[in-house]
Amino acid sequence: MSILVNQNTKVIIQGITGHQGTFHAKAMLDFGTKVVGGVTPGKGGSEVHGVPVFDGVRESVEETGANASMVLVPAPFAMDACFEALDAGIELLVLITERIPFHDAMRIMSYAKSKDAHVIGPNTPGIISPGLCKIGIMPSHIFKKGNVGILSRSGTLTYEIVSWITESGLGQSTCMGIGGDPIIGITFIDGMELMEEDDDTEAVVLVGEIGGTAEEDAAEYVPSMKKKVYAYIAGQTAPAEKRMGHAGAIISRGKGTAESKIKAFDKVGVPVASLPSDIPKLITG
Amino acid sequence: MSILVNQNTKVIIQGITGHQGTFHAKAMLDFGTKVVGGVTPGKGGSEVHGVPVFDGVRESVEETGANASMVLVPAPFAMDACFEALDAGIELLVLITERIPFHDAMRIMSYAKSKDAHVIGPNTPGIISPGLCKIGIMPSHIFKKGNVGILSRSGTLTYEIVSWITESGLGQSTCMGIGGDPIIGITFIDGMELMEEDDDTEAVVLVGEIGGTAEEDAAEYVPSMKKKVYAYIAGQTAPAEKRMGHAGAIISRGKGTAESKIKAFDKVGVPVASLPSDIPKLITG
Amino acid sequence: MKLFEFKAKELLSKYGMPVPKGVVASTANIVKDFPYPAAIKAQVLAGGRGKAGGIKFANSFDEAKGAFDQIIGMNIKGYEVKQVLVEEKLDIAKELYLSFTIDRRVGTTLLMASTEGGVDIESVPDEKIFKAHMSPLIGLQPFIIRNLTKALELTKEEGKKLGQIVRVLYNAYEKEDAELAEINPLVLTEEGNFVAGDAKITLDDNALYRHPEYKDMDRNLDPLEIEAKKKGIAFVKLDGDIGVIANGAGLTMATLDVLNAKGGKGGVFLDLGGTDDPQRVKEAFYLMEMAKPSVILLNIFGGITKCDTVALGVKEALEEKKMDIPVVARIKGLHEKEAKEILKDAGMIPANTISEAAEEVVRVRGA
Amino acid sequence: MKLFEFKAKELLSKYGMPVPKGVVASTANIVKDFPYPAAIKAQVLAGGRGKAGGIKFANSFDEAKGAFDQIIGMNIKGYEVKQVLVEEKLDIAKELYLSFTIDRRVGTTLLMASTEGGVDIESVPDEKIFKAHMSPLIGLQPFIIRNLTKALELTKEEGKKLGQIVRVLYNAYEKEDAELAEINPLVLTEEGNFVAGDAKITLDDNALYRHPEYKDMDRNLDPLEIEAKKKGIAFVKLDGDIGVIANGAGLTMATLDVLNAKGGKGGVFLDLGGTDDPQRVKEAFYLMEMAKPSVILLNIFGGITKCDTVALGVKEALEEKKMDIPVVARIKGLHEKEAKEILKDAGMIPANTISEAAEEVVRVRGA
């Protein structure tokens, strides 16, 4: 098993004909993901790596039975793309797009909730269950089927950690980027709940960073879990009031420090790695 | 059992200090409904028939644990009252208010759906399960516990039919007014689904009227039910393009005629009474 | 409330909708200086006026005058033409259909558009109509316009212009609390611009309190219906001669149905609503009297409403106005006995059921 | 992007917010004709300026001049005061707090209000703060204002006026894409009117494309940070002397953390993002050079990004600018081998892990 996606997930890519869209359509197809269609207004009728392109999402859903969409359209058009997908009945949105205005993100999340749909992201590398499904832009080759579940606010840092896990001989059940923005869909807690129920996941790794209270909230949830949780926090030496690349990674008004997050994890017995490469060592003990 | 309400439903009344509010608070208390509070902005701290009045819904929910609300506030303020209730976690709204603008009603229904809450109405007399709970303005004394479920777009016409049912020796499981407006929450079909599952309901009576296609839709649903369905349609001799009192009761652009509704019921074997008083005769055969 | 074409266009124009240059007139002389050729269009709240001869074309003032004389005073589906819209004639390249309505089935707004404009949308095959529902929580979004443009197979340039039209129409529909905002035909001119050839707007009566500017607008209603509306009484004039009063819209309709089934013919539908205030009941009876019915059928189910106070109102109305119209009364429910006494006192004919009352009414009328 | 107080007030005023009469000045002479008494307020993007002596009062131009000279050029939490706001002095009856912010925890807007205005809201006890979340699908609704008015125990008259203020602030917050719109204190004057005593507005950087009017606004950023922003590179100046470049914000932060743990001190945070375009990489290195770090730590994880093209960009940058800053490079992933060759060629010091690289950087710097 896996969380949120599996071998039957049928995916469309909104923005498939762009540079990124074409590249990752291929990568996802190579991985084995059921990419059943793409959407680019005005490009309906064409194909990308054999995948049919449609002008609108409803059309693509009607023709292909897609239930998930990866959104790669530029930030100014992302809200519209999400609304279109949600109105067409898409149940899982993987919102790769960065720099979506916060007010747009709030509208997207609220509307998705009203439709009982899930949103991963925005500003996420996506979700991958090795051997089953990848919806995202992660490098497939670093992953290996296994029993470590990973939830992360980051991209490359996750790959760094994943590659250490894979090199150590362990593998991943599902690895999900929850997104580096302040307003996101699925949270650490949502992911932990799903992983707690997932038979394939034995341990959960949280890759957090400064900003917000997502890690503190996650720590509060840990005691209700049977599975072991590990964490890494980036930004321990970041200054206050400076946005560290990610829109969500900012210590503002004294909130969101790495110190507070590590303390919260310590309190509930979650080992916090001091180096990304330490994660597999913590897991194997 | 019953549908949507039962002996544990805790009800607040929004607009309790008005003339109607005070009157029906008493009637509902006399009936045995758990009226736990009322809301009238500016009247917080007072009491109506021993029921505490609050200034806001959230406060009332926090203090009383209410999960349902009867809304009696005037039409211009109804949307706000509904939003307030929904944001405070109310799960069932009984929207008695008439003449709510259609655009407001659409917003209320969509927002309620986004909160997984139910709305009965607007322009409904409410819902009653004799012996268990009444949220509404119906005359309690005409009802009797029994096994006929009633779903109606009307008020007094329903009472007329209910009194014939009661006089015939039969009784009611739940009687719900779905509302006389074009935009309503719970539909005939929603009610039929619930009644099909309800152990206390043996037969379902639909009291329809001209306008819209609610009866035709209901007829389409009938074959999937095990329980017997009966119907009455008001407005068989109403002219086109004239609103017959209810905002929803209008034959417009050739749609919504009684003829079409009766035909739809005939097709699926639903006996349609020609007089309100015929309903119990049809049920008992 | 339905708006006349010229009112609808006036309203849409405020929101930025391109409409033809036009003048409303009740006498031909007003449009002497109009730049002809022009279309002369009857202003009535009924469909199919074209077929009925309510639209003519004129190349000069003289021709316009002739057309005017033919159209003014015309009767179209029971409505007398009192005003005429003289409008610039458009160079039509295409005629589209565009509308926003409330879809009661889904509980949200439905956008419909078609390349088959200029005819009744009911007659257009379904596959030629683009339909999209819109959640009021997000409103009209760009993707809907995109999909619409594609479905109508418009050029990019046309699509862009149509998008603007769609936004304007939606804006008006929402801001003005309309039940229906329809442009049919939406004309694409030879110059490549969109213009509203016709416009139908129905405003939500329930929301008129938010739009007091329409309060006194000609409703094309019967004078008694206007009077009733002012008093907040549901009153509908019908073809027959028997007045039906009941409490509750459904019950009033049902009473009318039974009456008709028994061979009577309803002339007035009057719903008292939930009131048992004798004063309101009296006002309702005064209205009924003004409609001059041959007989009145009164049907009261007293659930919360007290029958006796209703009866009291009726009695007082009959006495004060010295009404000699026979009244057959069926009254049931709360304080039924007292009510029956009062009605007997007032000389009304009693009945126990709706059927009985209807039969009695037919008998009394025939007598 | 944070706005200066005077800019925030200017913006809010456009939406109808009452603000004190005021003039922004960088020299005292500009405010010769101001109707004193006045408040003289340092314009800096830092909190706590009152305590730091950045706010003074003046009864005359002479006094104002004195205050001016004291405040201008002052350093408040690292920010130099370059402008001063001279503002009419308010007759304060009450000081309230009012703000809208994005609550990332809930994913919706949070309204906060308190009667304890004029102090940092963090220091106000929770039970003295009214909080309400608002779904963006329905926005600010009357019931929220009603509950707010009640919670603040205002009179009906005051509540009505406050309602207007709340609506104006929400409107500005939403329309301008703000992350934060805060009025603290919201002054209730002796005459019974509300006036924004101070205003803090943070606009969402992601939404600035919708508000081009703020494009060139003084950001109080380091010149290099401004340069980087223009190029779309995430670049943050830090206290130390070592430049850290990595790809991805999380990885760059992690690299910085490891470096600091090993005794180094980061002077620049530079996130290359997902690019492997040598031209972009070169631009980033030019920026880094301008920051004059003692050593550079390059950390690339090539997942999708190809390590060799990144390496190529680095090499070209070093060569073209004839940079003699030592670079310790840890590079891993796609085309790792080729990349290592290129880096070796360019004279960079190789490392296998982040820890190793950090240790090497500290060693090189010390040498």
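The chains carry the letters A, B, C and D, assigned in the order they are written, with residues numbered from 1 in each.
Here, a contact is a pair of C-beta atoms (placed from the backbone, for glycine too) under 8 Å apart; a residue touches a chain by one contact, two chains touch by 3 or more.
Being a predicted model, the structure only gives us computed values, none of them experimental.
Asker: Using residue numbers, check each pair in A-C, B-C or A-D against B-D and return the one sharing over half of the contact pairs.
Answerer: Checked against B-D: the matching pair is A-C.
Asker: Quick one: which chain's Cα centre is the longest way from chain C's?
Answerer: D
Asker: B-C versus A-C: which interface comes out with more C-beta contact pairs?
Answerer: When A-C is set beside B-C, the one with more contacts is B-C.
Asker: What is the distance, in whole Å, between the centres of chain A and chain D, each centre taken as the mean of its C-alpha atoms?
Answerer: 27
Asker: How many angstrom between the C-alpha centroids of chain C and chain A?
Answerer: Roughly 53 Å, centre to centre.
Asker: Approximately how many whole Å separate the CA-defined centres of chain A and chain B?
Answerer: The separation of the two C-alpha centroids amounts to 44 Å.
Asker: Residues of chain B that contact two or more other chains, please.
Answerer: Touching at least two other chains: 107, 110-111, 114.
Asker: Where in chain D do residues touch two or more of the other chains?
Answerer: Chain D, residues with two or more chain partners: 135, 137-138.
Asker: Once you've mapped the touching chain pairs, tell me: line, ring, star, complete or other?
Answerer: Drawn as a graph, the chains make a fully connected set, so complete.
Asker: What does chain D use to touch chain A in their complex?
Answerer: 102, 104-105, 107-109, 122, 135-137, 174, 177, 179, 204-207, 209-210, 234, 236, 238-239, 246-254, 256-258, 260-261, 266, 269, 271, 273-274, 301-305, 332-334, 353-355
Asker: How about chain A: which of its residues touch chain D in the complex?
Answerer: 23, 27, 75-76, 99-107, 109-111, 114, 137-139, 142, 152-160, 163, 180, 182-184, 207, 209-210, 212-214, 217, 232, 234-239, 242-249, 253-254, 274-277
Asker: Please name which positions on chain A make contact with chain C in the complex.
Answerer: Spelled out, the residues of chain A in touch with chain C are 41, 44, 55-59, 77, 80-81, 83-84, 87, 107, 111, 114.
Asker: So in the complex, which bits of chain C are touching chain A?
Answerer: For this pair, the touching residues of chain C are 133, 135, 137-138, 141-143, 146-147, 150.
Asker: Can you list the chain A residues touching chain B in their complex?
Answerer: That would be residues 110, 113-114 of chain A.
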